[in-house]
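Common to both upcoming complexes is subunit A, partnered first by subunit B, then by subunit C.
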Partner chain A sequence: MKNKSENISLGLFVLIGVVPFAAAFGYAILYSFGIIGVVNTGFTLEFWKAVIASGEFFKSFLYSAVIAFISLLISVGGALWIILKFRNQLERKFLSYISYLPLAIPGVVAAFFTLQLFSKGGFFSRISYNLGWTETTVEFPDLVNDAYAIGIILAFTTIVLPFFVLLFMNVYKNERIQELSILAQALGAKKNQVVRKVFLPILLQKTWVLIVLYFIFLLGAYEIPLILGQEAPQMLSVLIIREIKQYDLTKISEGYVAAVIYTVIVTLAAIMLFLPKKHGAYET
Partner chain B sequence: MFLEVRNLTKSFKKEQVVKNLDFTLDAHQTLSILGKSGCGKTTMLKMIAGLVKPDNGEVLLAGEAVTLKKPEKRNIVYLYQEDLLFPHLNAFENIAFGLRLKKLPQAKITEEVDKIIVSLELEGQATKMPNQLSGGQRQRVSFGRAIITNPSLLLLDEPFGSLDAGTRKRMQTLFQNLTKTYNITSLFITHDLKEALLIGDKIGFMKAGNLKVYEDKNAFINDTTTGVQEEINFWESLN
Partner chain C sequence: MRLNWKPFILSLFVILVLFPFAFMVLLSFMSGWRFPDLIPEYMGLNNWNTILGSEVGLLESFFSSLIISLSVAIISTLTGFLLSRTVYYHPRKRVLTLLTYFPYILAPVVFAACLSYFFLKLGLFGNITGVIVAQFLIAFPYALLFFSSFWNKKIRSYEDLVATLGGSPVQKFIKVILPLAKSMLLMCFFQTFLISWFEYGLTSIIGVGKVQTLTIKVFLFIKESNYYYGALACCLLIFPPIILLYFNKRYVFKNPI
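The block that comes next holds the complex of A and B.
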């Protein structure tokens, strides 16, 4: 009976979780080699060569990786700092409730908020104008759709930072970091040593898988870079969708090449991340 | 006197948890302290360790007042009730923690840790992570980590409370050996009468924030308020 229900669960998982993904991936591979597609005529490496030769995909990949990395660095660093300095205040009911709120904001809404607040015609630009700091909207610095992706990073941080604050709060309690810090002090650790040798390593070691998963999530984010990004380079998902949706039907296959490369890289990273670890005799 | 506690008092809100605590302890001696839950034993240890600020009184260690010193400056190690190990470090690194803080050379750290691993009968466990060790092994690593820093005073808060009877007995013997080998001065809190008698050179009994330290073990046994006589009568009635 137990085996039967396990088999049904496995079957459902394969049907819902694996089959659609594998089918879409297979479709993308076939499209990328010209085997299927409206104007494609048969197997060719032409699209792969074109994508590799143009270098736009790799530029976009690097651009996305840098943005995702900086956003995560600010979010994780900020969350750690908040836990270190304001943990007691965050344990109060009201603040704890407030910190959950940003998690309910969809990416597209966060992107529009950021646009409304930081664009040249936005809220802060108007304040700056009324205070006499700027005379025209052009003088207001480029904070959205800008070369340094400040708008994207701001929006990513708004969404990701509260999540890490809540995550670190829970790990702090579950791993009893408060007691371990006191113990470290009793063993002779100064406050900065407690942070470096107890607080940071435990929190980061317990959450690094989620940090990497968030990196992958930000790498493939779509709505925020679409609304707040610049024309070129674009973040990966925006580039891939632009290629696939464009009017030049001969270029669609190049979009699928980019999608296949991106999927392979992310899948390999995920496999490495979740490879089974060796367990010890008393491990629970 | 090595440890002198004078008039130590602590209240939480309106409740006075520790009342005018006054006692002394010679170097290389262990004072076992018995008492019911909530009688102020843990607060007393935390005040001596510098983890809780007393309202009044002072603590002197080898004649020097340490009451206002930060915990890390006192050279007093407080051991929790549970075998609280650093989860990100293996057994070797847990033991070496205090030595690494002092930035000793690697060769010296290896030598010291290897020596204590043998004393603690933990050979072959050095590279294991805390979740790969049994309860007794974790407690021994916890001891090793405290002892290796050569603390002036070791404060143990019911260290064997969570162990099974067999492991507890082995740990008691091990602790007695370690205190002799490393000349440890310690305060040892326990709920177990037999353990208190076995481990302590002196015995104290804490009740409602007051600590009474007995002249010798006989004085403790003969005091009807400690519950020892009831225990003896119980076992005799079984014969």
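The block that comes next holds the complex of A and C.
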């Protein structure tokens, strides 16, 4: 009886958690090889060759990886600095609640807000004009839909930095870094030695899984680069959806090639991150 | 004398955090804010009155979002909790957990694009049920992973104790497991509600523009360059999560995934 109910539970888990992913991946593979699809006629490597030859996917992958890395570097670095300097103040009731507020901002709102502030007709452009720094909107620097993805990085940082501040605060308390720092100082360590040998190693070691996970999330982010990105190169998800949803039916398979490569990369990352047994990482 | 710069930085921090909220609220009251003016032509309740009149369907979108998010949160919390027991007591729990991570870390919009064919065949394309099912598929792995820390040795010992004392499986579940899991269930409900509430890409693919949640509305207003209604939609989008955060901030980092 017990085994029967456990088998039903396991079956349901496979049905909800595994089958949809397998079906989506299988469909994308079949489409990418021309086996299915409205205008496809049968197995071909043509779409894979086209995607590899054009190099657009790889350019987009590199572009997304650089943006995700810079955003994460600013967010994690900024959060560490805030915890190092303002930890005690952030524990006060008012500031403690305030620091949770950015978690209520979804990606689409962060993108909208960034657009309103930094576009050529936006809030800062108006201030610049009224201060006499610029005379037309054109003179205001490109900060959204720009070549260096400044707008995307700003929006990503708006969302990710507050999360890491709260995470590091929590790890700081749970791992009793305060006590360990006092102990290190009592044993003769200097302030910067405490930071380098106690504070940073513990915080980063306990949260590295989440930092890598956030890198993967940012790599596949959609709405922020859709609103704040430029035409080319585009971030991965935007490029994949553009290819899959385009009107030229003969090109849709190329979109699925990109989707398959992206899924394989993410799946391998998950295997590397979560299959080896880890000790002491700050995980579930 | 050394200048204490901390109060300035902290004030800046408070301003930076509160500014987006204040800006969105003010923008939602405005109209006729043309470049290079710093002050708009009109500032008042006109935009908000319009949504109460349901002229732009924002109130409808709010309730659609609410129904979708509540459904997703309830279903994924319950299934996640019930099925997580089997997964985390299973001898091959590491492999099963790994399988759970695949849909969790894949971009939802790409997942939806690859699944859309099946949704079309099942008649789940372009309707609220389809969006709920699609969002459930990404909220469920989160819920499952969320409960991974719950099924530990302590809980197992309680279960064994109840069985030893003659308690039935139903009694064990109702009298012991549920009371112990209450705060985590509540927390998971809040988190999955937020996953659904904030979701844009997957909803746009499976809803094909027919299911207009608030995130879809914000994007539509941006495309129409109607920033005042866009800000209003943003306000409706961010204030319910603020209320939820107030109630559950204590638990947010108990189970980061």
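Just so we're on the same page, the second predicted complex is superposed on the first by the 267 of 284 C-alpha atoms of A that agree within 3 Å, B and C clash if a C-alpha of one lies under 4 Å from a C-alpha of the other, contacts with A are read in each partner's own complex, and residues count from 1 in each chain.
Going forward, a residue touches a chain if its C-beta (ideal position, glycine included) is under 8 Å from a C-beta of that chain, and two chains touch if they have at least 3 such contacts.
These numbers come from a predicted model, not from an experiment.
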item: Superposed partners subunit B and subunit C on subunit A - clash or fit; value: fit
item: First (subunit B), second (subunit C), both or neither touched by A:L10; value: second
item: Partner chain in contact with A:I211 - subunit B first, subunit C second, else both or neither; value: neither
item: First, second, both or neither for A:E179, with subunit B first and subunit C second; value: first
item: Of subunit B and subunit C, the chain that contacts the larger number of subunit A residues; value: C
item: Touched partner set for A:V198, first subunit B, second subunit C, both or neither; value: first
item: After the two structures are overlaid on chain A, angle v-u-w for subunit B, subunit A, subunit C in degrees (C-alpha centres, nearest 10); value: 90
item: Contacts of A:N170 with subunit B and subunit C, given as first, second, both or neither; value: second
item: Which superposed partner A:I265 touches (first subunit B, second subunit C, both, neither); value: neither
item: Touching partner for A:L30 - first (subunit B), second (subunit C), both, neither; value: neither
item: Touched partner set for A:L187, first subunit B, second subunit C, both or neither; value: first
item: Smallest separation in angstrom, by C-alpha atoms, between subunit B and subunit C in the superposition; value: 17
item: Subunit B/subunit C common contact set on subunit A; value: 282-284
item: Of subunit C, residues touching subunit A in the complex; value: 6, 9-10, 13-14, 17-18, 20-21, 23-24, 27, 35-38, 79, 82-83, 85-87, 90, 94, 96-103, 105-111, 113-115, 117-118, 136-137, 140-141, 144-146, 148-149, 197-198, 200-201, 205, 215, 218-219, 222, 227, 230-231, 234, 237-239, 241-242, 244-246, 249, 252-253, 255-257
item: Subunit A - residues contacting subunit B, complex; value: 175-176, 179-180, 182-190, 193, 197-198, 201-202, 205-206, 280-284
item: Footprint of subunit A on subunit B - complex, ascending; value: 49, 51, 70-72, 75-78, 80, 84, 86-88, 97-98, 100-102, 128-129, 131-134, 145-146, 149
item: Residues of subunit A touching subunit C in the complex; value: 6, 9-10, 12-13, 16-18, 20-21, 23-25, 27-28, 82, 85-86, 89, 95-110, 112-113, 115-117, 121, 123, 125-127, 129-130, 137, 158, 162, 166-167, 170, 210, 213, 216-217, 220-223, 227, 236-237, 240-241, 244-245, 255-256, 259, 262-263, 266-267, 269-271, 273-275, 277, 282-284
